[in-house]
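Pasting the structures in now, so scroll down.
In the two complexes that follow, chain A is the common piece, with chain B as its partner first and chain C second.
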Partner chain A sequence: MSEVATPTQHAALAARVSDACRSAGMVGAPYPGAVAALDTLGYPTTRQERWRYTRVTRLLDVSPTAAAPHTAPPAVVSGLDALRFTFVAGQFVGGDTLDEGANGCFVGPVSVALARYPERLEAWSHSDFATKEWFAALQAAAPQDGVCILVPAGHKLERPVLAHHHMPAGVHVAQPRHLIHIGDNASAEAVLWSDTTAQSEGMMNAAITAAIGDGAHLSLEVVQDEPGTVHHMGHHHFTQGSNSKLTVRTATACAHWLRNDLHILQDGTHADSTFHGCYLPNGQQFVDHHTRIDHAHPDGQSDELYKGLAADKSTAVFNGKIMVHKDAQRIEAYQRNSNLLLGEQAAMYAKPELEIYADDVRCSHGCTTGQFDKEALFYLRSRGMTETAANNLLVQAFLAEVLDGFRPEIRDYVHSVYARRLGWS
Partner chain B sequence: MSAAEENPLLDEFTRKEYEFGFTTDIDADKLAPGLNEGVIRLISAKKNEPEWMLQWRLDAFRVWQGMEEPDWAHVNYEKPDYQAISYYSAPKSKVALGSLDEVDPELRATMDKLGISMEEQKRLSGVAVDFVMDSVSVATSFKDKLAELGIIFCSMSEAIQEHPELVRQHLGTVVPVKDNFFSALNSAVFTDGSFCYIPKGSRCPMELSTYFRINEAGTGQFERTLLIAEEGSYVSYLEGCTAPQRDENQLHAAVVELIAKDDAEIKYSTVQNWYPGDANGKGGVFNFVTKRGICETRAKISWTQVETGSAVTWKYPSCILKGDGSIGEFYSVAVTNNAQQADTGTKMIHLGANTHSTIISKGISAGNSQNSYRGLVQIGPRARNARNFSQCDSLLMTDTSGAHTFPYIETKNPTAHVEHEATTSRIGEDQIFYCLQRGLTEEQAIGLIVNGYAKEVLNKLPMEFAVEARKLLTISLEGSVG
Partner chain C sequence: MLKIDNLHARIGDTEILKGLSLELGAGEVHAIMGPNGSGKSTLASILAGRDDYEVTEGSITFDGVDLLELDATERAVAGIFLAFQYPVEIPGVSNINFLRTALNSIREQREEAPLSGKDFLAKVKACAQLVELDGKLRDRSVNEGFSGGEKKRNEVFQMAMLEPKLAVLDETDSGLDIDALRIVAHGVNSMRGADRSFLVITHYQRLLDHIVPDFVHVLAGGRIVHSGGKELALELEEKGYDWIVDAQPTEQA
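On to the complex of A and B.
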């Protein structure tokens, strides 16, 4: 089942994507090691453990056409009061930059941040993954615009940030880069929203790099609502300092083909990470969530919860790894993954992993795959609900544990997308 | 204060030598190291094998030559030089033996040291023992009694001579030659092993057991076991291993194939205590084993293993649940101490409807060891109402050891119910304290706690093995709390 791309094929893909990004507009210089890594790493194949269930040969055919028109898409969750920024295919198209000067908060496009405060981005804004994963290297070799949030030590960002990235109709490639830096004892909340039109094709290869200082707090909601046939690669990397708290919630509302790589490094003691996610592929869709948390220092905590449904002929993948390093004692790490299979030809691949090198730890993971409780369905029907309404309610109940953590506006939106896609609304 | 003064018990036990480390001086008929077609022809000729067997071996050898040694497991070792191994060794005295008295006295002494008194076994426990010394089976008991029921229990070489049609029909059907690097190697060079055939409807009246032992320095051991349970039959098979102390690594690449026809049941139990190497990881056996069973309609295969030995273990006893309503079970306790590394688990492949599987795995890591569970649960598209429950617990005894879990759960049918849970924790200080307070020594306390932790698995072992396994667990972990 493994398919191997020839070197010329993936080199050609890298060249096409880099050229398209360059001509549309790159932001900042390519990461030095990334270009070389594109040659040395080789294209992922299903023979590699990390890509076992994820075929990327289909991405080799992505061939972007002319640059995207830069017109702003309609606003999302318009009821939400937030600092709003809009990007189209990796280009900044609108939003009011918040700039409190060299020692204050900055929220705006990365392009502006690089022009005004390059020194504030230097130390932390590139992750090692740019030289370790082929697609992350591709992203870093030709990065484009995304949101930049810089909160200096002791500050609290009063309003949430909503960065909306849109892929217009047609075959396009976008490689946005979002950068978040929360100084010591500072805090911020943000929503990163990516969507497409139903006629969008091509590839979205996005990176989020966040550094959270000692005692800092970041709450991030990631929404992916992409009804076209865009292939989405997400590289989400977080580094946490001591006593920091990170919450990442990822809702894959709709995706044709999506792979998220979420990586959290607890680089200080007493760090606390919460990462939840939900997904509901249908038709022939493919959704793959890979997560990894590194407990590198003692007394850390983590709570991971991913829930999803796979309908029709879709495929869902979950791979979660908890890594407890040597001498990282007194770690408490929990991971749970629950799945419902709704389609006769749907497939679910789960791989919850524990890798533990310290002894005084409490780690556990649980993973289940099943289907709707027939008795619950019967109960609801017997109370006069239609099958559609009953299914809808059960999906809502199943996903509530994850979705209730989001803002109500986002929770309701994601649920309405699920209900509409499955014809249950 | 030095560690030895601080805890004399710990010091004593960590320095304790391998209890079963001894070798027997018997002249062995041994091939020079190296592997090529000539060696395979020679092995085949020495065993007086039919032409089809030789061809099968040669085909396997050609397949093996094109394969690469796998490195995906969570283990680190220096890969053996396959040309530096001698592929055949047999004790020289090969006179046909009518009774136990005719067995070489030195060999008898070895058996006694291992705790297998043939007479006692015969008289008291009702266990038929097929004793494999290096590669050739030298003594088999209770055979006549089994023959009355039509049960065939003999060495593989004997089966190839006397029941070629059965061997030819089934050999390699569960673990194909091409399955993996080690199964291909085994298929090419296997020297002996056990063969068991249970005819339709019969229930094997005793536990069948085999003791394997690597004896000759520098010889690899490549057993091949084939167990066929015909419709409605039942058999319980025990396999136990101890190996003498060696400084060079010894390779053990066995293949075990189980075939459970309709309504048959096979219970396969293993206690594995090969030489694990010294405290620094020097020496020790490489245990690279492929074990797999296939279940037809309503058949059941149950694997139980207690793994305490070997420097490196790479072993995944699996069940292919082909028939509707078939059942697969896997119960495992894996203990690693010092520099041992284990990557072990199971595969439950659900193909038929209403198939059930249960996985209970208990890992215990001590010293500087690494202990991994790796398991696959696969529900095929046609496996309606398949059910799996997996539980993988790890117990850590020191802060220098590692416990890892790599489960793969692949579901392709919406009616499946799959549950997996895993926990990792440290041996409870409060539990040890409680036991100490009641007057137990630390060793006794650990023995008690570990045996309680592994109880679910130990209870699945046949009586004879459970006693040995409990003793082994305690011995393996003495003085290991960090």
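On to the complex of A and C.
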């Protein structure tokens, strides 16, 4: 069944969202290409392969109320030593900017970076998404505040960055924009955390754009912990130079309705990309991870692993595309996606897509969807574990491959959210 | 300690146990032998609380408690342990984490304080030595990539850790070479005591050379058809089961 929005409907949505973002406060000017794309790109429909399982007609009803109060939310993973920045509904509310001058590191809100160093943000800070995807175009047409990390060539950012974006209670829209630039042979680690209250509604349409220079390292952990009924669209775009190393781990701890588009472009030889993710929708939740890696140059490597569970009447989607360009010889690309269904009415749509135009490559992919192993459950219970403890252990074991890659504080937090949501703690 | 009375059980439409009665006293070791398909493993599964089987008639009491009212977890808490014929592999859960969770889950349900990390590790060390379980196997995922012998030793290791009142060994000898058999038997023998009973289910007499039972029962057609002392096992080894099974009155249609 397909659903098509009329042009007036999605134009009205774009106008409502842009107005709300403008009146709450934007950072920088609307991206001209995005504004034009909003007109030329149609609203996504389930007739398009990329949106086949993702019904966005429901977002047409999002109608934000007055601007959110800018009260800082409680700190997340408070034990983690980090450069902390807090944003509420696309507005900067707290954090100490690190500014080492025009040739040094900068970590702070995008709004401050734009005021102080506009030239450092120019060339790389808009992704293809902004002109090719309707929601990404909407984000770029009215961008709001997020964290900006600029590490010049040869520098190492000593402390990790933790950017916490919070959606307060009520019907709000937020379009935060996070920008990360790691110069040649530089390195940084960051955590991008988004959360909401249980009474939060509306839409979170967020972009992460990162450029990683030659020989540079970026390690990024993305945590999405959103009770309430916010619709979350994520546009995560990474461009890597030669010999660079990128690790992106995404934990969807809780989401009412969420779509992540992650795109990695290996724009140099010998680039190395690791991208792992986990998700566990329950109730009537919907979680969709669309990923794409472009091996555009020779000798790159990629390691993709997404694991998830779908419980109750929830729906999970995984779509992983590996594009190997004609000249990308000798690349190695691995993709694995494993899913467990915990409810008879839970649904999982999993699709690996490999397009290979080079002839000397190593690509592999594996995709499985199954059910809880009853025999294992009985084994654990016969050793005295309660059903709760046994379920918990099995879920922990299933997700360990992904979760163990996160910092222990984050791993434990995400697991505790899963256990609580399934009523197992 | 365990009293099974006129037990009837089926899986789907197939009746497997047809009036099985058996009594075990504290500290006793009983062996159950019998031809394939006689219901040996069904009995083990029902004792441990596997819910694929439906008990249609009869009763099981354990220390005066109606066992059929307890689920698998509660039976373990009550002190029943089943050494699986086919131990399950659980990738991602380390043997140690598994045992700590199990042990503390049992203690919590018994309203006992959890074991300290130090006491737990001391216990692990002692029990692992009992069955010569390699330190590496303790840290690996539960049974994952273990050989047949390692899996069975791991079962006895878990049994030693959990110290049950009644241990049911379901064909623990299957797939074991003679050295592994000796190790497993040694583990079991060193756990024998006045407060612990064993129900040893086996197809072959050779295990009973190492774990010498007090009583031997023959299970055929879903019932105990013959009982005797340890010498019965030797007789069965020599003559097979036919002389007993054939002597049974045929079932009324």
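Basically, the second predicted complex is superposed on the first by the 425 of 425 C-alpha atoms of A that agree within 3 Å, B and C clash if a C-alpha of one lies under 4 Å from a C-alpha of the other, contacts with A are read in each partner's own complex, and residues count from 1 in each chain.
As a working rule, contacts are C-beta pairs under 8 Å (C-beta built on N, C-alpha and C of every residue); 3 or more make two chains touch, one makes a residue touch a chain.
Only a predicted model underlies this, so the values are computations on that prediction, with no experimental measurement involved.
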Combined model on chain A where chain B meets chain C, clash or fit: fit
Which superposed partner A:153 touches (first chain B, second chain C, both, neither): neither
When both partners are placed on the shared chain, which of chain B and chain C touches more of chain A: B
First, second, both or neither for A:341, with chain B first and chain C second: first
Chain B versus chain C as contact partner of A:358, first or second or both or neither: first
Partner chain in contact with A:382 - chain B first, chain C second, else both or neither: second
Chain B versus chain C as contact partner of A:393, first or second or both or neither: second
Three-chain overlay, closest Cα atoms of chain B and chain C, distance in Å: 16
Contact residues common to both interfaces of chain A (with chain B and with chain C): none
Complex contacts: residues of chain B adjacent to chain A: 72, 379, 381, 394, 396-426, 482
Of all residues in chain A, those that touch chain C in their complex: 373, 375-376, 378-387, 389, 393-394, 396-398, 400-401
Complex interface listing, chain C residues touching chain A: 48-50, 71-73, 75-77, 81-82, 84, 87-88, 90-93, 97-99, 101-103, 105-106, 109, 141, 158, 162
Chain A residues touching chain B - in the complex, by the definition given at the top: 49, 326-327, 329, 339, 341-371
